[in-house]
Every structure is written in structure tokens, then in C-alpha cells.
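Two complexes follow with chain A in common, the first pairing it with chain B and the second with chain C.
For the complex of A and B:
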């Protein structure tokens, strides 16, 4: 299987990329790491006239310390996030989630920004980004704007990035000293999450002072388990089950061959308890 | 057509390719590196794994134009001066193949695994190879071979 023919543009700056998108509009598709897009093109689920490859824009790669936050360029590869001491120290939850994505080869090419804008609800990056209260930086012809993660994911494969815009950076407030865990339920290796739970907690004196919980594949977008977060405050490790029972509240999980919606709701409560427990251990 | 310059197994190549051409097809059909195989064609099986700038990638999931200006190493470029790479020797000595179709990808991924983790546990080997499928299910000897290669490569380093 090979993709349908397309014209290929490889801009070397964000401005050049934006100009290319302005010129080609709906006929253009943005290529980040390509680990989701190339299978789509090969299976001919999409056949854009023009592909705009961001791979030559060095300014979109890298991780820097922004003071109260860490800033991750949208074209930073998964494997660079896993290898980053800065991310591990201040946003451990993202590392825990990203190291479960697909397999090593995919993690070498796939990018955090590509995954977020692709917005597959079974993808593993949305839930931690949402749980960590990240802010997205979006560039367009009118300049730059920022969108909080809570307003970023709109629907299946749909985000706040409009036509002609690019996600350039993800800013994550520092969660230094927070424990984190990502519990991913799959049937076989290197597959999409049936359900996954991203949990990060700040522990004080053996009980939870603050908790943030994100859910993967429990609806059309990544979701926050807000009821659980509130219920967990003050909990100790041996009294988590009650608080985690509300994990599926307000969710609308899909039914498919891997499990129906009720099964997913059950999984969400179990995985939330496990994730919070692990997060409390570090 | 787009002009690309790609160094493959140490040799520089300049070719005009269609932008839609996959790296694996470029390697096999234009450069002639048929040691790299197409397995599943869905980016699951890992048989087409090569190194792009020293990191393992599935070459059916990369466009040839994305490799422009970069370096590719295939299974054919692993041996030096007629001497097999220690990973190739270990696969040979441990009978780490049955039909052999997954072998080029397995070896390339195993080399990448040891680059990141020179002394992996058995579990780390299995997880590190999770993107490579052996349809003969011959994983046992593959894992043994990778462990053996880790041992021989570490004693080579300490003798050096």
C-alpha cells in the first residue's frame, strides 16, 4: 500500500509553514512525525493534495525550562521526552504516559504535538496533558495565542487548532515532587489503550493533598475525573477505593470489540485506584 | 519528483523520488538494499526496521523525502570489513530465527535496544522488542541471542 500522490513542502520556519497552509488551505495536511498520518495516507483514508512537513523546523523541537513551567516544542519526539530529566523532574506524569506509547521505533519518530493535534481519544498524550493543566501555544497568521488544555480538545480528532494554524509549544506548569502513574489497559503489546488513567498526586504526611486524574478513551476527548480529584483530598493509601469509585462519572465511553461502555466504566474505576496508589508511592 | 540526498550504509545517494515513496521502497527498489524487508505494511510488525541517524524507525512509516539529508543504516550495513556485527553472530549462534523474515528488523531493533540499555534484563529485552513480531513465535531464542550479544559486546568494550 502506498499513499496517493501529493505535493510535498518542507518549510524551515513556522512563518514559512503558515504561509504554505494559507496558500493551500483545506487541500493541505500537516505532517509532524507521521506515525499516525502515514498509516492513514497508506490506507487512503485521506488523500491530501499537499503535505506540509514540519520536520525541518528546528525551532519546534526541544524542551526548555520556562521558570514556573516547562516548555516542550510541538515537534519533540516521544523518545526525547522519555529521556528528558527536566520533564521527569517536573512533569513525571507525561513521561509515564509517553513511555507506554506504541513501541520504541514509533517513539523515535512520533511527536507529542502531532499526537495532541491528531487528538485520537485512545492516544496516550491527551490525558496527562489535561491532568497537568498544560497550556497550548498556537501560531496563526494573526500571531500567537494560548489555549488551556481544558478548552483544547473539542471532539473526536478535533482540537482548538483551526485551519491555517499550527501548535508550536506545550507549556506544563511544574509539578515538582508530585508522584505519578499511568495505568494502561491493553490486550496485547504496543496497542491503543482500551482505557488508561493518568494520575498525579502531591502527598503530605501520608495522605493526598492534591490529586489530578486524566482519563484516556472514556469519551470523544480526553477527560478529567474531577469528582475523583476532589474525593481523594485527604485520603491515605489504604482508603482510595471509595474515592476512585466515581472515576467514570460524567464519561461517555465507546463500545467496540474490545469492550462495551459498561466494561470501560468498570475499568476506569479499577485503573484509577491502581494509578493513584502507584502515584502515591512515587 | 523531489531530489533527495540520503547516505545509506555509508554511501551517499542522490535520487529523484515521488514524495509519496516510502523509505522502505526507496531502500529496496532505488538503492537496492533488499536486506530490509516489507512485512505487514501497516507499521505493526517491525520487519522493515532500519536506523535513521542512529535511531531505529519502521521504514514503512517514513517517507523517503523525510530522510533527505540524513543517514540510514540497514541490516546490510551492520557488518564491518566482512565481520558480522556481534548481534548478527549472536542470532546465528543462538538459532534466533526460524523462517528468518523478521530477522533484519529484529537485529536492527536489538542493536538500538543495546545502544540505549547495554545490559538489559530479560524483561527489558522483551519490552524493547515489543514493536517487532515473529510470526514463527521464535521469541525465546531471539531474547537469548540479544542477551548473548549484550554479554559479548560488553566484554569487547572492557577489552578495548
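For the complex of A and C:
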């Protein structure tokens, strides 16, 4: 597996990276952790003339407390998220989802920002980001702009990040004290999600005060199960099935070797109930 | 000269760590792709994206002009110099066997077939230039589905006039080994039980760890070929037979090889093309495939439909078995492609005493990747079908699956037992293995738990699966192979060289690709000659070092090659004896040999065999007329197969809400005869189990209607990893084989053969109360869920007495389209 030859740039600042992208335009591809781009290059599904590696931009790495939110640099590795007490305390859902990604080697190399911008609907980061109402910080030649996660994912492998722009940070409003669970359904451990459900809930007096539910691989983008979220308010742990029955409403899941759309819709309802149940338990 | 020998004398049975592990596990060995020769060129293949197409033209100008490109070859350029892929086992004299050129020039018959080869200074440059080769194809209609192919409406090879390659039958009445199958079935339809089922063996990819690679050096007097192959000796033969190079001018080396599972017993288009091009250019050439290329061009395994008709008396005593196989060969008849399904002929009857038996096998050509041996080769298919249908019989009679087996199996006091298929099973004890397995498994407690879960309507149901299997190992008595028109013998060779300084070189004709021959062979020789394990060096894999051999497949190495080794060692002792007598000034008749020492009976006079090796090397003082050598070699041709058996028990938890099946417990008790190295055996069993379980649950090569392999990477071909497995309980009973003096039976394939039905039986057992009696493999969660949902919809209908489906003429009782991901039919 040998990729076609390409020029390699390794800028050390965001400005340098943006300048490189401006110069090479369409012919350039951004390399983050490389867990999707490298296989694509090696299988010659894409042959960019220039690869811009963000790996040496320290400013894009790391997790900080932003007061009412947690700010995660786009080049932060999955394994750093899993190891972060800050994220675990204030955005537990993201940790639960990231823990299920592939295997330890991949979690060590793969980055949150890389996964979000690649926007594979079977990836495990989109649904929790969406459910947690995150804000994405995008840098371009004209400066910085922010986009809410709800407007970020546009289509299959397509996001609000335009040519010449970079995702620099993900800001997640603190969900301190919320229970969280990520129910991922796969046939073998290292597989992409067939379907997964990200659920986080705030429980008051044994019933749900607020619920947020994101769906993985139930359409061309990660989805929010808004109808379920509303229906869950006021529910107790033993009466979730009805509210979760609507989980697949408005979805358009794919059909492939792992299951057809019908089966995925069914899985979404079962997994939503299980995710919410687990989230309520902590 | 005498020495007291207080070393332990039994290496056999010791759990020696493998000699080869350090270099294999750390990767510090030289695989074929690591070989670098001065001036070596690199090859990249241009492969067909179409399943069936005429090659109209191939434009190579742009590729030839690309940087670093040395040459570009098409099939027309290679013409007669490229040899031909051989079929060594035509199963019938009139078998339809399309010519299989390594690089065809007129027509491609499956996706991934090579149409041009680019040669460049580096692999990267070759790959870049391969993109510039411009092939103009005219697509032809492709036949992909096995049952569609039987209709001969679309032909995989239009010139052949049919897709049907060969029909092969074994009938017990005709062979005189049993009764009339049709008569017995007709009788059972009157007053007994007839069970008819059709099972599917999906297509699998032998996912060896090291991709195939070939290096050819044509610059010397001999052409030297390094290849990641299981079969260096067979490759050498095939090259000499088809490429016009005298065998004596061909040296094949299989260096350390990273797995094969049957997938590397092929002589491949890639090997022939690399040899042809290296010879044309007069320069060393290397070709190493990518994993994506492995998936479409290395041969696949299994791919059968199995119609089973089992007749029994009302009490469950079996009276007849009829098997109708449809076997997909893919686009070409591979080296033993036609023979693999035929190997099932002697195994479908398994451990049961069927009075009448008939096996029918139709092999069929399609426009898919060729099919050949994959771990087990014919026996897993047979074992799956018989063990599945024995469970159906148990359900029909209303008894436990263990009870139906006990009723019908060969008992230990009936060995040696000649079966209805004409095989003589030498030894075994099914009762003992089963009793041990049941105890280790906690069978009764698990049945009680199953009952509780059923009664409480638990969303997670428990199922228990049984597989009491046997297989035939030690391929093979040459006379038997001859009677089956197989193109070679089944003997194996070993040599022992007694070095002057006390160490020993053993040359093995059986070539390992990860099994641990070096360790096991050392243990056998250490015991036999009474020398330390560490002082034995095992050499293999190079036709110049090990000129005679028939290589490693079919669990044959130890059973056949190990026996050759024993005989060579005995010859060494016999040759050393007169020299020992001479040096001890004693009569040959007064000598005895034990633990490496010749001693004169009744005295303390003795001499070590390594001392004799030194004395022979010096040759200063040998008896008159004795040649100065105690080296020896032996070639062993077995008189019969060996028949390992075992009882495998599996507990599966089935989540009825999602259809997900999770393994709870797996116990196996295998009888593989005498065990040389328990650690190696454990490794073989565990690896074999995972591969068999993977067929039941995960793996499947799937094509779309264009003939593209959809599961063409490990993203979609869901190969399990250690994370998907549980701890297996593996134990043994020992009934030594009587067909070799070591008493060994073979273990390389046992786990794979036995485990698949155990898993599926367990899943079906969990769901049987819902009226479900089959799930097609791989038992994906989706298939299980759909079966549950369909069964639920029919729950109101009471099960009828005629629930035993009967085959309509030519109609399967299982619609291939009902499976969601099977094959090209959808």
C-alpha cells in the first residue's frame, strides 16, 4: 500500500498552516492524526499534491477549563480525552464515546478534531458533540468564527469548515453532574459503529429533568433525537420504552453488510432506551 | 569414552517453548519481502476491475515513459513464457478445467485478475506507473451466484459451454460399503423420520498475517525463487512442469512464512509472472502484494450449498444419509480446488453408524475469485452439516442433542471401525471425550439456567451447542491419492546429519509456516537419539537443503513427516551400531542402545552416539567395509489416515432485542493421539477455534451484483481479534493412532473443523422454542433478529406434524435471498 507521492508541509502555528492552505488550495489535504487520511492515501482513493500536517502545532493540543465550558484543542488525541478528569467531570458523554473508538493504538494517534472534520457518520465523536451542544471554533484567513454543532455537520464527509479553514477548538458547555452513556453496537470490537446512541441526562428526584440524545450512523450526519429528548422529560428509569420508541423518527440510516435500514432503526430504539437507562444510573 | 547420562529421556510431551518464537514474534527474521538483491526491480500488478470482460487493448506507452519504469508486460508479451496455473486434482476424467494463464491476454474471468505488470526501480514507482496503464475492456455478462451458475444461462467461460465443472459421487451400495440410500429414505418416509435441510457454507478469505511475496533471482546457473509459500517443493515441480525450466535448474526457498491456513498452498499467477519477467529481463525481481490484492486474488475458501437428507427410525436410530453438494470453484479450478469439497465425502457420515450413505458433489465455475483449501478443507463443511442436522434429529425425536449422538456413534470397543464411506477409523473413544467435556462444561447446570431463562422470558436467552466431530489427517497414503487421480503422492521425507562436534542437523521435507516444526522435530529426535533438545537444528524450506518433501497442509506434517523422522533416526542408530561394536570390541548382538548410549549388555562398557559421530568423521578406525557415515534419511508413505476426534461444547447468550450473540463458555476435549508438545497443541487449538467461530459469527466474503468484492478490506471483512474472544477450556483424551509409531493424529485443523457447528447449534438451541431451526452463517445480529421477528409473526400458527420440510424438485427449502448479505443474488 503505497500512496502517490505528495509534498509534505509541517507548519508549527495555525497562521502558518492557514497560509499553506491558502497557497495550495484544493490540492492540499490536512493531516491530523492520520487514522482516516493515511488509509485513504495508501489505497489511492485520494491523491493530494500537498499534505499539511498539523501535528507540530502545539497550540492545537490540550484541554482547558473555559469557565462555563471545556475547551478542547482540535489536535487533542482520543487517549488524552479518556485520561482527562476535566472532561470526565464536565462532559462525561464525550469520554464514554471516545473510550469505544477502535483500539488503544488508534486512540493514541487519532484526534478529536480530525474525526469531527472528516465527518464519517459512523464515527463516534459527532453524536456526543452534537448532544452536548458544543461550539466549534474555525480559523480562516479572515480570522476566527464559531459554529454551533447543530449547524456544523452538513452531509456525508462535509462540515462547515470551508476550503482554507481549520477547526481549532471544540467548546463544550459544562454538563456537570449529568449522567452519560454511549451504547455502541458492533459485531467485532474494532469495527465502526453499526449504530450507536449517545445519551446524557440530568436527573432530579429519580426522574429525568433534561435529556440529550445523539445518534451515530443513522443518516449522512450525526443526528439529535429531539423528539426522544422531549418525551423523556419527567420519565423514571422503569418507563423509558415509550419515550425511546421515537428514536429512529426522521432518520435515514444506511443499508450495508452489517444490517439494513430497518434493522438500524430498530437498533436505535433499543440502544436509546439502554443508553438512557445507563445514563440515569450514572 | 563412557559417560553417565542423567538427562531426562522424554522430551515428547514436554511443553517446550518454541525455538522459532523469538525471531518470529519479534519480527527479527527475514521474510520474503525483506530480501534485497543488487539491481533488483519491483513489480506492480494492473488488475481487472470487472468480473468478466474482454480485453480490447492495453495502452502501456504512458506507463513505460514514467520515471523509473523498466518495462511493462501484458499477457501477449509474456505469451508462452509465463507457464500456467495447474490443477493437480482433476476429480473426474471429464472435468471442465478452463486454462488459467497467470496474465491472460484476451479475457478476464474475475475481478482482480492480472492484465499487465509494471516493472520499475522501486515498488512506489511501479505502483505510480501502474495507474497509467490504459486498459480498454468490453464487459461481458458475469455469473456470480452459485445456483444461478447451475442454470448455464450466463457462462463464466463462454468457450467451455457450461459452468458445471465436474460431478463426483460416492454411493455406499455401489461401493459395497453399505446399503441403498434411496431405499432407506423411502422406508423412513413410511415409518420413520426424514429430515431435509439445506445449509450454506459462506465464502471465506484465508487471512494469513504475511501477505504473499515473491523474489526471483535469474542471474545464476539456477533460477532462485524465494516465496511466502506453504509448498516450495510443489512450486518447484509446477515451475519445471509448466515453464520449460529443468527442475534441476530451479531452487525454491520458503524462508520464514507468516501463516497460510491453506491460502498459501497455491502456485499463484503472481509467482509465475514474477519468474517469467525476471527471466526475460535477466534481473532479480520482487513482487509483494497489498492486503487489498490478497483479498481479491489469493484463493478463497468454502462456498457451498449443502442439501442434507437424513433418514432415521422413530427412536432416532439413523438409517441413511444423502448429501448433495454444490461447490463454487470461482473462475478457475485451483490446485486442489475441485478436490476440497470431495474430501468431505468421507466425513459427512462422521462418527455415526449410518447403514446407507450417498455423497454427490457438483463443482461449478463462476466469475469470482478462485476457491481452494482453507483450514480444514472439506472437513469443516462436512462436520458443520452433519452436526447441525443431528441436532435437528434430536429436536424431532425430542431428546437432548447428546443423547441422539450417543445412540448413533461408534463405541470405543468397536474400533478399528470401517465406515459406510469406506474409511477405517483406527482408534478413538467418543464416550470418554464427551464425558470429560460435559463435566468441564457444567452441562446440567447450564441446561437448568437455560430453562430458567426460558420460563422467565429473559431478553437474553441461553443456548447450548454440541459438536462431536472426527476428521481425517495425515494426507495421505499415495495409493489412495492415486486412486483419486490426485497429481502427486502423499509421502514425506526427513534426513538426519550427525555432525562431528556432537550436534545434529535434521532436514524436514514438511515446510512450516508458523506451526513450530523446529521445536517438535527437535523433541522427537532428542528422545530417539538421546541427545539434548538444544543440540538439534531443524532445517527446512529450501529445495537445495531439503530436496525432497511434499510440504505442509492437511494436518500432515507430524503424522507423516514425524514418522519419516523416527525412521531416519532408527537408521542412524542401525548404522552407528557396527561402529560402536568395533570400538567397544564387542559383538553387535551384545549391544543395546538407550538414552544416546551404546552399551555392552551386562558390562559398564559403553559409547555415546555423538562419540561415534566424531569417530565416523575421523574415519581412522572403522570396521572393514563400513562407509564413513551414520547420516540417514527416510521417506514415509502412510498406509492409512489418522482420525482425530473430540467433543466441543459451546454456550451462547442471544440478546433477543438486538440479535447479538455473545459467547459465554467454550469447552473442547480433543483426542489427537499422542501429544508431542502440549503448548504447540494449545496454540493450534485456540487459533483453530477462533477461525471456526469466526465462520459462525463474523466472516464472509460478499460480492455485489457487479462482481465486486464488497468485503474487500478488513473494514468490511470482519476478522475477529483477541478482543472478540473468550478463554477457551481445552483438554484431551488420548487414544494413540495406530497408523504411525508416534501415535500422533494431527491437530492443525481440529479447532476450525469442530467449532463452527458448536456455535451455530448453540444459537439455534437458544431460539428453538420460538420455532427457529436455522440461522445462516455468519449468524449476524441482523439475521438473528430477523429470524426472531419472522418467527414471532408466525407464533400464532401451531407447529404442524409435517414440519419436516421436503425438498421440491430442484428447489431449496431455504431461499438464498432470505439471507440479507449472502452473495450476489441480491
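Going forward, the second predicted complex is superposed on the first by the 282 of 282 C-alpha atoms of A that agree within 3 Å, B and C clash if a C-alpha of one lies under 4 Å from a C-alpha of the other, contacts with A are read in each partner's own complex, and residues count from 1 in each chain.
Here is the rule we go by: a residue touches a chain if its C-beta (ideal position, glycine included) is under 8 Å from a C-beta of that chain, and two chains touch if they have at least 3 such contacts.
Just so you know, these numbers come straight off a predicted model, no measurement behind them.
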Touching partner for A:189 - first (chain B), second (chain C), both, neither: both
Touched partner set for A:4, first chain B, second chain C, both or neither: both
Contacts of A:258 with chain B and chain C, given as first, second, both or neither: second
Partner chain(s) touched by A:44 [first = chain B, second = chain C, both, neither]: second
A:103 touches, of chain B and chain C: first, second, both or neither? both
First (chain B), second (chain C), both or neither touched by A:53: first
First, second, both or neither for A:266, with chain B first and chain C second: second
First (chain B), second (chain C), both or neither touched by A:86: neither
Chain A residues contacted in one complex by chain B, in the other by chain C: 1-2, 4-5, 103, 189-190
Chain C to chain A touching residues, read off their complex: 123-124, 127-128, 131, 290-292, 657-658, 660, 697-698, 700, 702, 710-711, 713, 715-716, 718-721, 723-724, 780-782, 785-786, 820-821
Complex contact set, residues of chain A against chain C: 1-2, 4-5, 43-44, 103, 185, 187-192, 256-260, 263, 266-267, 270-271
In the complex with chain A, residue positions of chain B that touch it: 2, 18-22, 25, 41-44, 46, 49, 52, 55-58, 60-63, 65-66, 68, 109, 112-113, 116, 128, 130-132
Contact set on chain A toward chain B in their complex: 1-8, 10, 31, 34-35, 38-39, 41-42, 51, 53, 55, 79, 102-106, 108-109, 189-190
